[in-house]
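See the structures that follow.
In what follows, subunit A forms one complex with subunit B and a second complex with subunit C.
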Partner chain A sequence: MELEKFVANFAAQFDETDASIFTAETKFRDVEEWSSILALSLIAMVDEEYDVKLKGDDIRNSQTVNDLYEIVKSRK
Partner chain B sequence: MAYLNIPNVVVRGISACVPRHIDENINYPMEEEDRVKLISSIGVERKRIADKDTCTSDLCFKAAEKLIDELNWDKSEIDCLIFVTQTPDFILPATSCILQHRLGLSTECYTQDISLGCSGWVYGFSSIASLLFAGGGSLRKALLLVGDTTSKVNSKNDKSTWPLFGDAGTATALEFELGSDGLKFHLASDGDGAEAIIIKDGGYRNIISDASLVSNFFEEGISRTNLDVYLDGMSVFSFAISRAPQSVKKLIEKFEIDKDSVDYFEFHQANLYLNEKVRKKLQLEPEKVPYSLKNFGNTSSATIPLTMVTELRDKLKSKKLSHISCAFGVGLSWGSVYFNTDKIVCPDLIEY
Partner chain C sequence: MKIENYGVVLTRLTEEKIELVRNWRNDPKISQYMEFKEYITPEMQINWFRRIDNENNFYFIIEFEKKEIGLINVRDIDYNEKVGEGGIFIYDDDCLNSDLSFRVGVLLNDFCFETLKLEKLKAHILNNNKRAIQFNKMFGYKIVDGQDDVNNQLYYLLRSDYIEKKERIIRLF
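Then we have the complex of A and B:
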């Protein structure tokens, strides 16, 4: 799986935040629009696009988009 | 592989009872903008809350009495009672024995408690149908009593649980009938997610102590004791959006069910955001997927029979219908059932 595509899929979950601000190093919790609902939409995206189940702790223990990418990649 | 195909069992009626007291989520103390977002994503505007003297068994008792009455059943022919709950009257004895006596059923009655939450109606349905089948006619009529008063184990200061859960008790009446179509099930479990929904203290792993009673602050809007339900919403969501549709698909494939011919798909009412993901994943039309979430919230194991009573009552009474019901949650535990109903008895929602 590709990091670039993962970042794009990640960014697509946000409605009000410009997708161009997202990189692998973005600390997603610092993005103003981040919320518990957005976390759910992210989990749904990972389930649909990668067929991987993220747990609550995976999200709570991750800081950057890349952290989540590594988790998803390791479970592919 | 837990697939079951159980002939010779029919559903005769379904009833539900909720407490009178209505708790409006619009009054839940949090910042207005956040509250509006929360209510629209979970889809719960209000729910029923039992008072301190009302137990799950009281709600189920009322539901059962009304159902037996409208069915015109002779109580001496009820040979089996299963009570599914995670909020029993006591740690011991089993509440099903208390209900057998309270309902005036025969002492020759088979009774049993099952400790399951959200998946409980589907699981209890599989157990009671298996018993009726195995009895070969010696168990004539049976009552499946299912519900929870989750409000008793929710912290009012926990926004991740209090606005979501409501209280309800239900009764499903089944009968042995040689040659009937019967019921088809897929059932599954995954204890790897045991801590995703848990009450940590008060059992025998962590016996109740003074510390169990202390309210702990976790973050803004989330305080609870270790005797309250902890819910890891993200983990449960992740589990449910994959396992629920998968279970329905397995059921359909295994038993070669014509999906388009199914009249209604009743899902456990977890929360609207999650349920809509599940519905869309299975490509089901909204008309076939009823919801009772808005007015009753997530009533744990009671959601499916409660939804049938509140949303499908007239059709259940007047038509022959085919159903797939799918329930999922605490355990983790999940399953699906395919069954038919033919003009069953379905009393109006009871308030107690």
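Then we have the complex of A and C:
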């Protein structure tokens, strides 16, 4: 599981935000487009792409994209 | 009255909590998305509560992990037409823009369609509140035609549309 690919998959959930702004250190909740719909989309993406169940608590307790990556990686 | 599922608890609003709700509601981060944006006084709040404390209106404090985080409601219920109007706001920043909004939404919609036996819910959403529009569409709300120039737009959710969308949502919880 690659961090770069995870960041790209994460960025692909956003419709209006330029994918190039996303890095592992991006604080995703500070991105203007972030919403409850994107939280749900993220859970669906991680389930589909990585076969990992990401929980709402995981998202609430994470600050950066890398925090999420580490959670997903630990459950693979 | 309490409703509990999907990790959240809805407790029916009582008079002792209306000051908490007034403080939330007067905060610009909430009032900016409301049609009525004026400052709400304690007197206005108690008058409002007396108008809504009945079987045609159900307002619930949302609790998550024993913390009060927001308000959700179905109001102006017409039991003959089997329709009511939904509304929600999450005040707590840590809980905003997370799956909690969906957990709470499913819980209230289930209450409306299964307990109250409504057939349709409506919602008014300001046309600049993109998050709320997307959120409601995820549940199956559809905008009523011919409102391009309307600021506070009317949406409807049919029970059949909700049941179809609900299954896709709850499998992500």
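As a working rule, the second predicted complex is superposed on the first by the 76 of 76 C-alpha atoms of A that agree within 3 Å, B and C clash if a C-alpha of one lies under 4 Å from a C-alpha of the other, contacts with A are read in each partner's own complex, and residues count from 1 in each chain.
As a working rule, contacts are C-beta pairs under 8 Å (C-beta built on N, C-alpha and C of every residue); 3 or more make two chains touch, one makes a residue touch a chain.
Source: prediction; values computed, not measured.
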Putting subunit B and subunit C onto subunit A via the overlay, clash or fit? clash
Considering only touches as defined above, state whether A:R29 meets subunit B (first), subunit C (second), both or neither. second
For A:I71, decide between first (touching subunit B), second (touching subunit C), both and neither. neither
Check whether A:L40 is in contact with subunit B, with subunit C, with both or with neither, and answer first, second, both or neither. both
Who does A:G56 touch here: subunit B (first), subunit C (second), both, or neither? both
Scan A:L3 for contacts with subunit B and subunit C and give back first, second, both or neither. neither
Out of 3-11, 39-47, 201-209 or 309-317, where does subunit B run into subunit C after the fit? 39-47
Those residues of subunit A which subunit B touches in one complex and subunit C touches in the other: 35-37, 39-40, 43-44, 47, 56, 59-60
For the complex, give me every residue of subunit A touching subunit B. 35-37, 39-40, 43-44, 47, 53-57, 59-60
Can you tell me which positions in subunit A touch subunit C when the two form their complex? 29, 34-40, 43-44, 47, 56, 59-60
Which part of subunit C faces subunit A closely enough to touch in the complex? 7, 94-103, 131, 134-135, 138, 169, 172-173
Which subunit B residues qualify as touching subunit A in the complex? 37, 41, 196, 232-235, 237-239, 241-242, 273-274, 277
